[in-house]
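Handing you a structure now.
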Amino acid sequence: MTDAILSTHGITKSFGALKASDDITLDLRPGEIHAVIGPNGAGKSTLIGQISGSLAPDAGTVRFLGQDVTRETVRARAQRGLGRTFQISALAMEDTVLQNALLGALGASGRPWRFFGSALRNRPLRDRAEAALDRVGLGDVASVRTAELSHGQRRLLEVAVALTLDPKAFVMDEPMAGLGSEGSKQLTGFLDSLRTEAPILLVEHDMDAVFALADRISVLVYGRVIATGTVDEIRADPAVREAYLGDAA
Amino acid sequence: MSPILIAEQVLNGLQFGVMLFLMAAGLTLIFGVMGLINLAHGSLYMVGAFAAAAVAGATGSFLLALVAALAAAALAGALVELVVIRRLYNRDHLDQVLATFALILIFSEGTRWLFGSFPLYLDIPAWLSGPVTLPGGIQYPLYRLALIVLGLLVAVGLWLLISRTRIGIQIRAGENDREMIAALGVDISKLYTLVFALGAGLAGLAGALVGAIQSVQVGMGEPVLILAFVVIVIGGIGSIKGALIGAVLVGLTDTLGGIFLPELFKLFADPATATATGSAFASMAIYILMAAVLVWRPTGLFGART
Amino acid sequence: MSMKTLLAAAALAALATGAQAQVKVGMITTLSGGGASLGIDIRDGFMLAIEEDGRDGLEIIVADDQRKPDVAVQIADEMIQSDKVDILTGIVWSNLAMAVVPSATAQGKFYLSTNAAPAQLAGKGCHPLYFSVSYQNDNLHEAAGAYAKSEGYSNPFIMAPNYPAGHDSLNGFKRFYEGELAGEIYTELGQTDYAAEIAQIRASGADSVFFFLPGGMGISFLKQYADSGVDLPVMGPAFSFDQAILQAVGDAALGVKNGSNWSKDLDNEANAAFVAGFQEKYDRLPSLYAAYGYDTANLMLSALDTADVTDQEAFRAALAAADFDSVRGKFSFDTNQHPIQDIFIREVIKEGDIYTNMIVGTAIEDRSSAYVDECSM
Amino acid sequence: MTREAAVNAVILLLLVAVPGWALYADEPFTITLATRAVIFALAAVGLNIALGLGGLVSLGHAVYFGLGGYAMGVLASHAQNYTPLMEWPFVIEGTKSMPVIWLTAIVVSAIAALLIGLLALRTSGVYFIMITLAFGQMIYFFAISWPAYGGEDGLSIYVRNGFPGLNTLVPIQFYGLCLALLLIVLLFSALLARSPFGLALNAARQVPHRVETVGLDPVRLKLVALVISGAITGLAGALFADLNRFVSPTMLSWQMSGEIMVFVIIGGVARLFGPVAGAVIFVLLEHLLGGISEYWQVFLGIVLLLIVLSGKGGVIGMLAGRGRAHD
């Protein structure tokens, strides 16, 4: 546990009578992709919220890079190096692809209070943004308005914005959502190469992607982690088969 | 300062608050269901007062005048909803602010065009005039007492409407999930027109009720509108309960602040300066209350917390 | 810059006297928005006098200030810079007068006040080109104070809105009343509910009430006061009991005493002619403001008879002589160019279906203004 | 040159040419009208930074406009009466110097925007609109009832304040001064939109949660935008007071807030020259419609309604097509 980059310890969160997170303990180790799967309503989004800082747990702690960050804001965790992507693309649709990437670069620079000088012509910012775009293959469409991108391209841009931060860990909320098999395959390949840079906590519905990528899988049902293990262990786990995979298959 | 005076002032604050509630309830309902900010709500208040003054002048009946105020404001509301407002539901708040600001200009100057610049006459009926003696020897105008009772009745009626009727279910559904009510087979556009007319009618009723003890003139609605906004900010958007409690709080703060602050300033200033300065600060009291609530609970006392 | 009407006084008259120099008069007054009724009466009274006179070579430009100081300033700029008027007049409100008058007189234009006459302009800020034809703001309040004293009231409750004219009002009352007060409060400007104040009056043990609440505020107060069961005698300045407002107040105003320097039943020839002429032309009773407008026009016409407006010294002397038949009877100017006149007490009565006023006595004879000594003219 | 740039150039040309013509034709009042339009434009350019870039629907910008006006009124009235502003703990004298007055106006309105922003930005959406409106009303009432500086009557300044090297009493010179300030602020506004701050603010308007996840604070970005916006509107207020040589609580009224917003909307939100076009059109409408009918505001209301309902993004949007001003 001590070598975990990111971990939760018994976090619990209730909305009224509903326990959305029930004593969840899991960790993300260097170099791995740890997938969290579960049926709809299992509490995946609530879990992500608590890890990224937009929700405060009722009990339990969240640790990141050896620090207790349970009471820290989204912003503070981002500054520590937590890179997050959203299930529904959170992009400035009126702006260009490059401007969205520049926002990430600006966040990474930590110096937004510059009122003069063009952001587009700022070399360090631009280099960083373009590098990220190139990595996900969006270099060619840098000057296109984001609203005009295809859905798949927007998913890639989500990842690219997170990349500009050079994060120490990624938290990705269904990056494959809405992608066709082709797009899925492309993104899977990219994420596969990313794990050596920073580990990824991956919440995902696309089982092909999960089984292809994950080093470990945790299964969340009704706010509880019912099993954690390697792909093969999870496939073989009878509880999982009954609670989840049985119905899904 | 005698206990009787204080009791009377509390009644005054309550009466003021209850009338504010009639305004705020419509505003908060319209915002809750349609997500619309309506600056022209004060104009509907004015429409009610003018309709009441016109009908009272023609028939001499106060009750008919109240019915006319309710009907005229509701009708004006429905008309405005059909012609203008429904084009604004999918717009951002900025467009809503601007369009309803334009409506204020049209309503105000249009009313002046029709009725002239002179204030209209509207008085309380003989059977409600004069003071009554309450337990404890408090002399209090019967009409104001009637306003308090009527306002509370409307509050109860609204609560019943929303919690016990089909329309109420639709309204609550609309506040939570617009797609769901469409799925329930409710004609949304009809529901919206209805809610808007209801809110407008309440504003019109308030205008007529208050117009009878104040003056019926162009521009009477906007100061009340801004106070109703303060009420909503304090009570929480979309909450009828919040509107009621916020309105009473604002009513009491305004009335009691106006009395006690100048007295307070008299402790360390000469009377003339104290009354002037105290009054200056009293006029700010409700806004300070609002600021305090904001610091404590940014979405108001009963607003949905995000 | 609303409604700019060109009303050539003798528009229908022949243009035969083309050689005569044109005199241009700019009237800035409130014709729309709250308080428009006052401005309309000033304009109508003024124009009545101009029409009765019927002379050529006089052009009156009327513009609506919407009761906004910045609009008034803009109109004044336009009239001075573009229309090149010789005389300005017409403003209803003190705050608009303070915005317009000092800079207009500084630019060498005459200003004749038809209503507003703030203390500053009567005292330190008096100016050779500024004449108040109406009164000095404090006068009508002083009359109420004098009346309270003469009636033997010993404990009046006094109130006014918390703004400069409100402070002047209470000070004016106290200047001539000089006794004990049951209470003195300032209300919010634009306030419409007076339940709290009425409760204070009830609890104060007062023997009478003096209030100054212009426009809609006064209507609200009187209706609520009448319904409250508090039955103390009420007095105030004429503003709240004027012709236009009384009909909206109704029975609630009956019997109220108010200080005024004019009333429609003032017994003099000029007034009888004015009241009859106004009723005939506009089909309503004239108000105080109409009387001020009418007097202002006649004063101006009398001065134009004897002096050329371009000769400022001569024209000023002609104005100061006040050689015209005022509807107020006695009328002359003090050294600060504000009137010396009698101030009366009126009582609100009902004539048939119409609420109006009747003179019941004279409060102060030959009243000038409190600030005349501060004026260095 | 894009169509929008062409429209902007035409507006700019008009701002120079019309007063030039008025000077030649000896129509000084036209210059006064143009000055009014330019000052309103400046106020609206200020609002446009909060509104267009930051998405902050502030219905209380009259606060900053009025405070700017009072900065002028208070300083100049003390200078006029030869009384110091305060004597303890140190003496502050009034002044008739425009640059000092402008600086004061900017600082005072910026502080007001900071305080109001700290409270109002705890919320968003309609709450923000209502709260800015309510605080505006609070300051308005305070100004009316606070006796020290004229209350409802306002403050009259007999002679326009001075600027080194100019005779500000000459209409065209004062106009030139106002136009120069407008151009400087427009330039600043254009630079701001392109700057790193502008980029972050632009994103904070559209996707605040994204801005947070890159480690920036969207609320603080908006707060700074509101402060800059208020400061510019405050500067405009000081100029407006100098144009009229008068300041009163009317400048603080909620109708004034509405009008400043109307300038922005008529012209086009988030367009660099939108507020300028809007203010010019408003002053023209006010002047022309006002000449036709006493009830001209009915027509103003209808025109405004049509512009909003058409959804074309104001006059600049109609002339230059859809799309934001800054990419």
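Order as written gives the chain letters A, B, C and D; numbering starts at 1 within each chain.
Operating definition for what follows: contacts are C-beta pairs under 8 Å (C-beta built on N, C-alpha and C of every residue); 3 or more make two chains touch, one makes a residue touch a chain.
In this text, all values refer to a predicted model and were calculated from it rather than measured experimentally.
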| item | value |
| --- | --- |
| Partner chains shared by chain C and chain D (touch criterion as defined above) | B |
| Any chain that touches chain C and chain B | D |
| Longest centre-to-centre distance from chain D, chain (CA-based) | A |
| Geometric centre distance via CA averages, chain D-chain A, whole Å | 43 |
| Centre-of-Cα separation between chain B and chain A, whole angstrom | 48 |
| Distance from chain C to chain A - Cα centre to Cα centre, in angstrom | 74 |
| Whole-Å separation of chain centres (CA-atom averages), chain B against chain D | 31 |
| Residue list for chain D, restricted to those that touch at least two other chains | 141, 144-145, 147, 295-297 |
| Two or more partner chains touched - positions in chain A | none |
| Shared-contact residues (touching 2 or more other chains) in chain C | 32, 162, 167, 186, 188 |
| Interchain contacts, given as pairs of chains that touch | A-D, B-C, B-D, C-D |
| Interfacial residue positions of chain D with respect to chain C in the complex | 27-30, 32-33, 36, 141, 144-145, 147, 150-154, 156, 158-159, 171, 240, 244-246, 248, 250-251, 286-287, 290-291, 293-297 |
| Residue ranges of chain B in contact with chain C within the complex | 1-2, 4-5, 8-9, 12-13, 15-16, 109, 112, 117-121, 123-124, 129-131, 139, 141, 143-144, 210, 212-220, 223, 255, 258-259, 262, 271-272, 275-276, 279-280, 282-283 |
| Partner chain B, residues of chain D touching it in the complex | 51, 57, 59, 119-120, 122-123, 125-127, 129-131, 133-135, 137-138, 141-142, 144-147, 254, 258, 261-262, 265, 269, 295-298, 300-302, 304-305, 308-309, 311 |
| Contact set on chain B toward chain D in their complex | 31, 37, 84, 87, 91, 93-95, 97-99, 101-106, 108-110, 112-113, 222, 226, 229-230, 232-233, 237, 276-277, 279-280, 283-284, 287-288, 290-291, 294-295, 298-300 |
| Sites on chain D touched by chain A in the complex | 191-192, 194-200, 202-203, 206-207, 209-217, 221, 224, 324, 327 |
